[in-house]
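In the two assemblies presented below, chain A is common to both, partnered first by chain B and then by chain C.
Let's turn to the complex of A and B:
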């Protein structure tokens, strides 16, 4: 008789356990809300966004381009028409709408190259930067002032007036030389110049190595 | 008796498991600020929404002006009826409370600063936290004789046609040249090298 009672209680216990486990499974419904919360914390995003570290000046970018620095990629976030009209040499076009597509992500989510985003002014480039920063992409910078500043400083640099220090004049001559590199022709130069060297863009192969997780190495 | 032992162990294990899960749930701390939309939908909304307004649209009584500059600039001169919330402070409890209030009473918060780029940061952060009742006032603020001057600003307007400029400079220098194509980006091949799994290396 006692055995039968014990058997009954035991059977009930299993039903109870099963019921509790099903309830917990129902709690999985709460997960989707958490999925919207992807990326770094808002406080962290705020502090990253406030700091001006992400800006890079047009002079620095011109310097990198002239020295054929291989470690960075330029990305234009304007639409295709503006890109086709004029763009920096060797720049890629990823319109803002397509920023988070799979193939664009492969350019952004890698730590081999520095990425410099730019647009007409740094408004859209900043927006792209903030979204990428939320997803945790590193090594992304923004060209301060965008192409408008590029025009004002590199293509058509402002001639310093007589009362400016020597540094201003040096800067002006550097900028004038960069503008010649990027295609602007000055009348004085034309009379001297002979044949022009065409600047061809070298074919670049970017290898992005995906690191596989290595199993734990024992030993030293 | 052996049967009873086995079932006892299973039930004890099950109870411990449920206890562990319950304790995990109870001690789970909800993050203080939660994003309401993920990055993809944020991007879609950004590129399709019309969140920019100009000075002419400001006469709406539902708009509450918010100045995101620091206190010093605010006191130098600010727009009428503007509330000052400095960008690093927008995640404080008091300010988020203010935004919640605005959302509930269906008012639109209009953010402005010295230039639209300054406002980009707080605007995007609030937008992603779920406050979609905010707009950006695209203006430039400057000071003249201690008075604030506000002018409309066209966002991302191309100020100079660089190709035309370069072509003109060529014409002025009167050099015979074929029109050079804009250096197009070469096709880039990103090869993803998958490393083979190395067996666990033991020892030095």
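Let's turn to the complex of A and C:
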């Protein structure tokens, strides 16, 4: 009895399978279409935005520059005019408008270097960072406080008052030394040196390998 | 997430190993389903056995539907998949030559090697024929090069050239598959049964 029933159903097996096939294929046609997200998910982006991990301090950048750390790229996201006016040594200029150009992408979308974005303050650089993060680019950092902070802390560090802890004095002397590296001449030093010595870090050539997109080969 | 190798989920270095594993499984299933018999393959052309047509068409349709569902659910980016480049006349002429060889010899290149593995003499001769063909092609390559490299249309698909929605293309393709199966069944029933 049971066998007969099974045989009855099995007689329709090809029709059944054909029906499933049409159902599945028809399902594809009837599925609601949606705009696919490019890059990372919105939730991930939000949690990245909240996290302060992306910030790098001016002291860290100064330290890297003085040690000629080859592992990072500085990118100035202000316009060309401001970049020509003043920028950090060896920085590249990618204005925010050109951020998503094909040329800029080879610098931003790679994982050989850390990329440090900066602007006058860090808000403009943050905008660039969000765009990059949204597209899933890795190793993108933002200089906390931007160039304004750079001036306040590295180029023209505040002299600590006498009642401040030793760490403040240590920090001051480090910052003073780095400002001298970046070409600031202090009066007590100028007397010794006699003439103004402008130390300019040599321009570094940054080569970024374009990521090769190798198509998968196929065949029968 | 996918495709796995281009997105670095599986390192690039593994692809030869994976290819060998897939090749072993593919060869095993070809042999297990009897495709290493030239009579089964020739059956498609004489109308007494449509297993080859059914197997390959079903495989294509199932993977096509599966890939599009995976694309829809975000497990796979269909735009990243490899699309074979189209050299129009090269494909047409090559297809005709291969089809003629297929009918005459009863093997396609893959199944001929399967049959060699189980010791079929006709398959060995077939493979020698393939080698002669390869040799002739290499020797005549300067002559054939304009066809080989010409009429290039890029990595296009039916959807690009016809401009239809891929989902509709999949649907129509599945309907065609089922119609082909039904027709092949009718043809097979009209033929005299052959035991081999």
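Quick note on the criterion: the second predicted complex is superposed on the first by the 157 of 220 C-alpha atoms of A that agree within 3 Å, B and C clash if a C-alpha of one lies under 4 Å from a C-alpha of the other, contacts with A are read in each partner's own complex, and residues count from 1 in each chain.
The rule is short, and it goes like this: contacts are C-beta pairs under 8 Å (C-beta built on N, C-alpha and C of every residue); 3 or more make two chains touch, one makes a residue touch a chain.
As the structure is a computational prediction, the values presented were derived from the model and not from experiment.
Once the two structures are overlaid, the count of chain A residues touched is higher for B than for its counterpart among chain B and chain C.
By the document's definition of touching, of the two partners only chain B reaches A:50; chain C does not. Of the two partner chains placed by the overlay, only chain B lies in contact with A:187; chain C stays clear of it. Within the superposed three-chain model, A:26 lies in touch with chain C and out of touch with chain B [touch as defined at top]. By the touch criterion defined above, A:11 lies against neither chain B nor chain C after alignment on the C-alpha atoms of chain A.
Across the two superposed structures, the residue set of chain A contacted by chain B and also by chain C is 14, 21, 24, 36, 214-220.
Residue ranges of chain A in contact with chain B, taken from their complex: 10, 13-14, 17, 20-21, 24, 27, 35-39, 41-43, 45-47, 49-50, 78, 82, 84-87, 89-93, 96-97, 99-100, 106-107, 110, 119-124, 126-127, 130-131, 134-135, 146-148, 150-152, 155-156, 182-187, 189-190, 193, 196, 198-212, 214-220. If you check the complex, the residues on chain A that touch chain C are 14, 18, 21-22, 24-26, 28-29, 31, 36, 213-220.
Residues of chain C that touch chain A in their complex: 3, 5-6, 12, 15, 61-62, 65, 68-69, 72, 74, 81-82, 84, 108-110, 155, 165, 167-168, 170-171, 173-175, 177-178, 181. Chain contact summary for the complex, chain B toward chain A: residues 7, 11, 14-15, 18, 21, 25, 31-40, 42-44, 46-47, 87-88, 90-91, 116-117, 120-121, 124-125, 128-129, 155-163, 165-166, 169-170, 172-175, 177, 180, 182-204.
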